[in-house]
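Following are the structures in question.
Each of the next two complexes has chain A plus one more chain, namely chain B in the first and chain C in the second.
Our next item is the complex of A and B:
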């Protein structure tokens, strides 16, 4: 029997944008066990919610994550609106949908770049982020922010997109789609990528469900589960089907994310065609009194918000279950038996967002 | 040939000028509608302190007695809350970002 060695992986590692630590127990070049430890960047938002006004806390909720910032703000606002019984105008719902999908496109393009970088495919990484820059420009022109949108508020949205701006957005999105197709063609067809991803880190269909996976990680194992199908915001009026693959390996997870970019472009086009005229926000009167669970689909999967108000301007309880937290058991499972050289790829395929996880 | 699927993309960009701009030799063109930095015009200001009260990061301080309006640029998150709440429309958002600083001084307007 080979000697077992423990190799510390992280919290600082070239492949990790954020700190997570894994103790990798290896036998020769094979990983036999991975023990994760998180908690390096805990920020204590559960306590902060007791100090901040509930309308101001949306700015804090948006800063939970730098990539899915808008959807965090949207989830928080949806929860407060449900507790207070606020009727958000339909136009605000559509605008939230458009910005949420733009956020998904930029998150997936960022992930594709990181993935190419982890494989050592530097030129593909540069091209992925070049296209992402165009998406960030659209976001900046419509919301004012590039990463932190700051356009969602309790009761609606802060900014409107007028008709000329919407047409400009759609024209730019067509270019983004065309350029993304060129990049996705490489991710799907290139032999280098296939050699690196096919058959690596297979998560079987049943295992993905038992381990409680969410988002593209779950869909790549054949489960057509997408929280957007619940019909929050304007999704109940848009046509789409969850994108799935059956192989459950790294290549399948990559392919799901590639296709989701085009799905998001299609959803934005549908929303832009159907968006009704009208107000973009309602006045918020009073304080939230009650509790509510919100489930929203982020680029990484389903996020769950629990909010509890007691009739004062500060919330009593606030809790977030982020998609990365749900995907860590699957990561630990797929790491067992993999080659040491595949560890960075496997960690990236769950699209870890550690800032989200630790809040 | 899937081995050469990247070649077309590489060749296309090889013959073009770089996508990145030569900053700082070429200044960045601000995007219309961007939230860059907060600007204030105190001509109509009544020093009602509503902007300071609504600021989620307490970046703004208003002294009504001495007619001072100050802002900590490093605390300001350019959220637009003050602009939305100003009754006299004294505040506006610039598309250019605030200039970098080496000290944490408050910017004073009087």
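Our next item is the complex of A and C:
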């Protein structure tokens, strides 16, 4: 038997923008075991719910993550609205859908840039983030924020998008789509990229499900599971099918995210065409009393919010299961047997968000 | 849109059998979470199959809480169970990967546990 060596990977590593630690047990250049360690920046935000008014806590929920911030706020609001039986105006549902899909586009473009950077493809990294900047500009123009939108509230949304702004958004989105196609062409067809991603970190179909994977990580192994199909927000009135691949490798996970960018563009166009006129919020009266599990599709996959109110201004319990948390067991499994040089790429393909995980 | 969310009550003794039944039927483990309830912990095991939602719920005394691990049936449960141990001080018997309290590096041990809340049932209420 070859000598086994334990190589610490992280919590500070060039490929990791946030801290996660893995003890990699290697035999020569092969990883035989990976033991994860998290919790370096655990913030205890779940407990903060006991001290914040439930209508104000949406600001905390949005700050769980700087990438899918809006969707965190949306998930929280949907939970409170379900408990209190609030009927959110249809226009607010459509606006939430548009901002949620813009979040998905900029998140996937961010990930494409990080992936290009990890492969040493610096020009591709810069182009990905250049296009992402255009998406952030759209978000800033419609919400006033680039990272924290602050536009979602219990009962609806705080800001509207008027018709001229919507047309400007759609025109800009057309440019984003055109430029993204050029970038995605490289990710999908370039020999260097394929050489680094194809056949690496294969997550078999059945194993992806048993390991509790979610989002692009699950769909790249052939599962057409997308929480948006539950029909929350305006998704029950929009036409789309989950993007899937069957290979289950790093390339498949990359391809799913590439296609989801164009799917999100299409969903925004559908929403813009169908958005009804009307109010954007309803008045909230009383306090939440009851419990509800919210399921929403973030860029990295299904997020679960458990909210429990006891009739006071403060919730009794706020619990978040983030998609990265659900994908860590699969990461540990796929690292077993991979080459040491592939570890950074493999970790990136689950699109880890430690900020979410350390809520 | 409000999703149907059936909740089935189980006990620590029947938990593993119920989870085995769900595993055999192809349910995916979605999450495990704890909610403090006075001197009890309410533990929710959430499953999904073809977008259908199912929740198993049990209660255990917060002081010296101990549960059988389901990580033998759902390997991914090791992460949830280690998290619950580190935050709430719930012991799990039969964990396939036991971090022994080192998954989370918190300044205070078991920060969400009943003891850390200044006793039991200290839900802060602002009036």
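Here, the second predicted complex is superposed on the first by the 359 of 359 C-alpha atoms of A that agree within 3 Å, B and C clash if a C-alpha of one lies under 4 Å from a C-alpha of the other, contacts with A are read in each partner's own complex, and residues count from 1 in each chain.
We adopt the following convention: contacts are C-beta pairs under 8 Å (C-beta built on N, C-alpha and C of every residue); 3 or more make two chains touch, one makes a residue touch a chain.
Being a predicted model, the structure only gives us computed values, none of them experimental.
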Would you mind listing the overlap between the chain B footprint and the chain C footprint on chain A? 53
Given the complex with chain A, which residues does chain B contribute to the contact? 2-3, 5-6, 8-10, 13, 19, 31-35, 56, 77-80, 84, 93
Listed in rising order, the residues of chain A that touch chain B in the complex are 52-53, 56, 59, 123-124, 127, 130, 137, 140-142, 144-145, 148, 150, 158, 165, 182-183, 185-186, 189-192, 194
Parts of chain A lying in touch with chain C, wherever the complex brings them together: 35-40, 42, 44, 46-47, 50-51, 53, 82, 209-212, 225, 227, 229-232, 236, 292-293, 295, 302, 304, 306, 308, 310, 312-314, 316-317, 319, 321, 325-326, 328-330
Show me the residue ranges of chain C that touch chain A in the complex, using the header's touch definition. 1-3, 5, 28-31, 33-36, 44, 46, 51, 53, 55, 74-76, 78-79, 86, 97, 99, 102-106, 111-112, 123-126
